[in-house]
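Every chain is named by a letter (A, B and C) in the order it is written, and numbering of its residues begins at 1.
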Amino acid sequence: MSDKAKTNASPMRAGSMSLTLTPWIVAALLLMVLPFIFNNNSSITIMNQMWITVIFALAYNMLLGQGGMLSFGHAVYMGMGGFLCMHVMNYVEDFGLALPLPLLPLFGGLFGMGCAMLIGAISTSGAGTRFAMISLGIGELVAACSVIIVAFFGGEEGISGDRTYGLPFFGIEFLKQIEVYYLISFWLMLSAALMYLFSRTPVGRMANAVRDNPERAQFLGYSSRWVRFYSFMASGFFCGIAGGLFAINYEILTEENLNTASSGIILLVTFLGGVGFFFGPIIGAIAFTLLQTVLSLETELWAFYAGALFLATVMYFPGGLAGLIMMHVPSYRFGNANKLFVPYIKTLIPGLITVLGSAALVEMIFHYRHGSVGDNEMTLFWITFDSHALVPWIVVSVITGVAFYITKTTAPALKEAWGDANTPPTSGGAS
Amino acid sequence: MTAALELSGLTKSFGKAEIIRGVDLSIGKGERHAIIGPNGAGKSTLFNLITGRFAQTAGKISLHGSDLAGLEPYQINRMGLSRSFQITNIFPAMTVFENVRCSLLWSMGYKYSFWNLVASSKKLTDGADEILEQINLTERRNLPAGVLSYAEQRALEIGITIAGGADVIMLDEPTAGMSHSETDYIVDLIRKVTENKTLIMVEHDMGVVFGLADYISVLVYGEIIATGRPEEVRGNPKVQEAYLGEALEAEH
Amino acid sequence: MELVLVNLIDGLVTGLLLFMLSAGLTLIFSMMGVLNFAHASFYMLGAYFAYQISIALGFWMGLLIAPIIVGVLGAGVERYGLRRVHQYGHVPELIFTFGLALLIEEVVQFLWGKNQMAYNIPEILNFTAFAIAGNSIPAYKIFMIFISIAIFIGLLYVLTRTRVGMIIQAALNYPKTVEALGHNVPLIFMGVFGVGTALAGVAGVIAGPVLGTFPGMAFVLGSIVFVTIVIGGLGSLWGALVASLLIGWITTFAKSYNIAMSDILNGIGIATPENLDDSIWRDLWTVTSPQIADILPYILMVLILIFRPYGLLGNRDA
């Protein structure tokens, strides 16, 4: 491999040092423009949820991907930040203080960080199972306490508030969803930028080192425990910001925001996106939110698909979606990406049909088993048919079977093309 | 003159098994001191005791006169003692350059700061490149450390160990598993980078030991049976009987 | 006094049930170093399979067959799922079992719906065994106790007195050595996983009628099982027993004796504030032991992790 290829070997990995501004500018522009493309209220609501999840997932990945610490109770910090913000909102409303709404998430962030300091003090002495178990225990504890401590958590109904309480911020009252959208976008860009920069600071770099080899890091003069603690604090801060934005967006916080299910979801989201790359959680959050909102309108089984997708990710592409994308970088750099185009079409399209066909069968089984008596009609992919008749079953099974067969037979060709595309071009004048 | 490292009455037992039985050793500043001994003599345990990996059962360890009892490894490191590991212990996911740069962070005063960016410090970058030059890995600068060859990884290991500017360097079998040419290369490297520093190393390769060391101590069953200049140790009948006899034969 | 006896029995039932779940889990942990998040899901599957079988063949057939099916499924999961993910490291393994738990819950909902199943105690056992001070003790609970103890004794016997048990114990600690001695260690792992999940299945079969058979049952019990083995010490079978019984009794006693926090605080000399409704500490004052009964295990776990990180009976290498 020539020298040039060697020095250019590292793409935008978590270890790369290139601080290119282009992706950030593009992202900012996209954020600004998207509401004009998808301009109905429900789309904006979905996007708001997406961006909040992105911040939460990025904060979570500070621990999981950057620090190698698996936390099962991370929703606590987002929830606590959110609850505090709700209280602040109500307090300001009751006492008429002049706190501009855009600054509110900061309170959430600080409170989230404070909680993280408390809990991190006991949990960060280890990174593996002990850490995971403490996080699980604390998560369950806090979620359980939240039903008991009604003063802070509002019991069953949670705490609600009104975001239009205060003085308008430069004339904006945040009454409309679109105004909240831009507020969230602002915080998203700021938080993401800060988190990215954090990974480039000494403590951020040492977090990577401690993740890979905690013992070695000690002999670099760093206490592995303190490095983990600081990462934990920083993660708690940004989780709290996400919580604050949640409070602003939904104007209500409940026990659900703190519980283990929410912690589990953010783990899923982050892992799905890919923990090895900074932008992984961003992709995961977007994909999952779409699954959750869009897919759930189409089928009752969306959680089943999410679970299956998650499992498939762990088993077959643990690098997540980001990992999948980055796998193509070498072939792109070698100029061989076009070699993959045709094999992909030949294998992935039948593959996609196989998946859709299997999903169709699953839907049909579900409908057959659980549909109300007499209601035999179901709609799949814009076709309405009788789920109790034999013909649809045969049709779908055949399509799925054929697609599966095609996928299997074209797969070896794809494998070969992949190997071919990833072979570095033989350079005439190697050094 | 304060010894760089002083061990007095050092004892370590794991349950009933006494692994280190009262070791007294004084290593002066700038010395190159090799610790040799048959397998199971307790050399790694000795290293681990000095570097704070586990606590001694009895006895005292002083670094430049300060007692090391109860200190954590990272604290000992900050006092100026650095070690390498027998099984290569680098950061495989980070690039070679970053491995070295991380080793410089503390010594350049960055501590746990989150307000400067490592990439923007010329001092860090230059410092790391300098070390890369010294260990001859400039060509491999941007490769993930995990893909380096074994000898290159060992060289990187040494680079990480000395980067922080520690003045007492402890190397645990630096040439383990290397071919002749690789060994010669590493020995030259060690000689170069440990100039003016105190070097303590555990080694099995007698060629390396006699070529590099000013002083040798022989550890057998947790006790030092001889210590002194290479020629003295070589001629010591106890040592010959316990250890060197077979090795010397093998060398001829 | 009689109330204490009733609570002892109730606590024993809960504790032994918990033990059946945690025994398998802790064995699996000491084997793979990974916590099987889906363990409680196999418990759930045991209940559902038993229910389905009992409709056609009766409760006893369900008790016999369902755990076997669950065990086979578990072995399959180890062979085709976990073994594959194992190469990626501990964290992906944990995440895999977590995803599996999720998927199993969805599959159960898919196949049986979201409502509770009418899985009932068999007629033979549906009577009151005896009464203590007016509290009737159902025969079924006695049955549960007996089955749990029988299984524990069986497990102990197999592990400590049979040759297979010796090999398993050795393989759990030194897999490579045992493999070098010619034993089929991957098969052993698969077997241990299968037996562990089958145990969870048995727990499901007998607990289903009493605790309810519904899709959320895995989730409800799931985290308590982890807490149990952490308190007992990861990898320790005796630890799992002690911790299970401890938790069983603590939660039962806390629930049945309505100790109010205000009484305790008054007792140590702090007077109840005048206007309780306005005070921000009002929740602390009004909390009663039944309310916190379910979170006591978590508090205990956190305390143990701080002060005795290897659990009550755990060993250092866990």
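What we mean here is this: a residue touches a chain if its C-beta (ideal position, glycine included) is under 8 Å from a C-beta of that chain, and two chains touch if they have at least 3 such contacts.
Here the structure is a predicted model, which is why all the values come from computation and not from measurement.
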Chain C reached from chain B - shortest hop count over touching chains: 2
Most central chain, judged by mean C-alpha position against the global CA mean: A
Distance between chain centroids, defined by C-alpha means - chain B, chain C (Å): 49
Length of the line joining the C-alpha centres of chain A and chain C, rounded to whole Å: 31
Whole-Å gap separating chain A and chain B, where each centre is the average of the chain's CA atoms: 44
Multi-chain contact residues (two or more partners), chain C: none
Chain B, residues touching no fewer than two other chains: none
For chain A, residues that touch 2 or more chains besides their own: none
Complex contacts: residues of chain B adjacent to chain A: 51, 72-74, 77-78, 82-83, 85, 89-95, 98, 101-103, 105-107, 110-119, 139-144, 160-161, 164
Of chain A, residues touching chain B in the complex: 3, 6-10, 15, 17, 19, 197-198, 200-206, 208-209, 212-213, 215-224, 226-227, 230, 234
Complex contact set, residues of chain A against chain C: 64, 68, 70, 122, 126, 128-130, 132-134, 136-138, 140-141, 144-145, 148-152, 260, 264, 267-268, 271, 301, 303-304, 306-308, 310-311, 313-315, 318, 362, 365-366, 369-370
Chain A-touching residues of chain C, taken from the complex the two chains share: 35, 81, 84-85, 88, 90-92, 94-96, 98-100, 102-103, 105-107, 109-111, 113, 223, 226-227, 230, 234, 280-284, 287, 291-292, 294-295, 298-299, 301-302, 305-306, 309
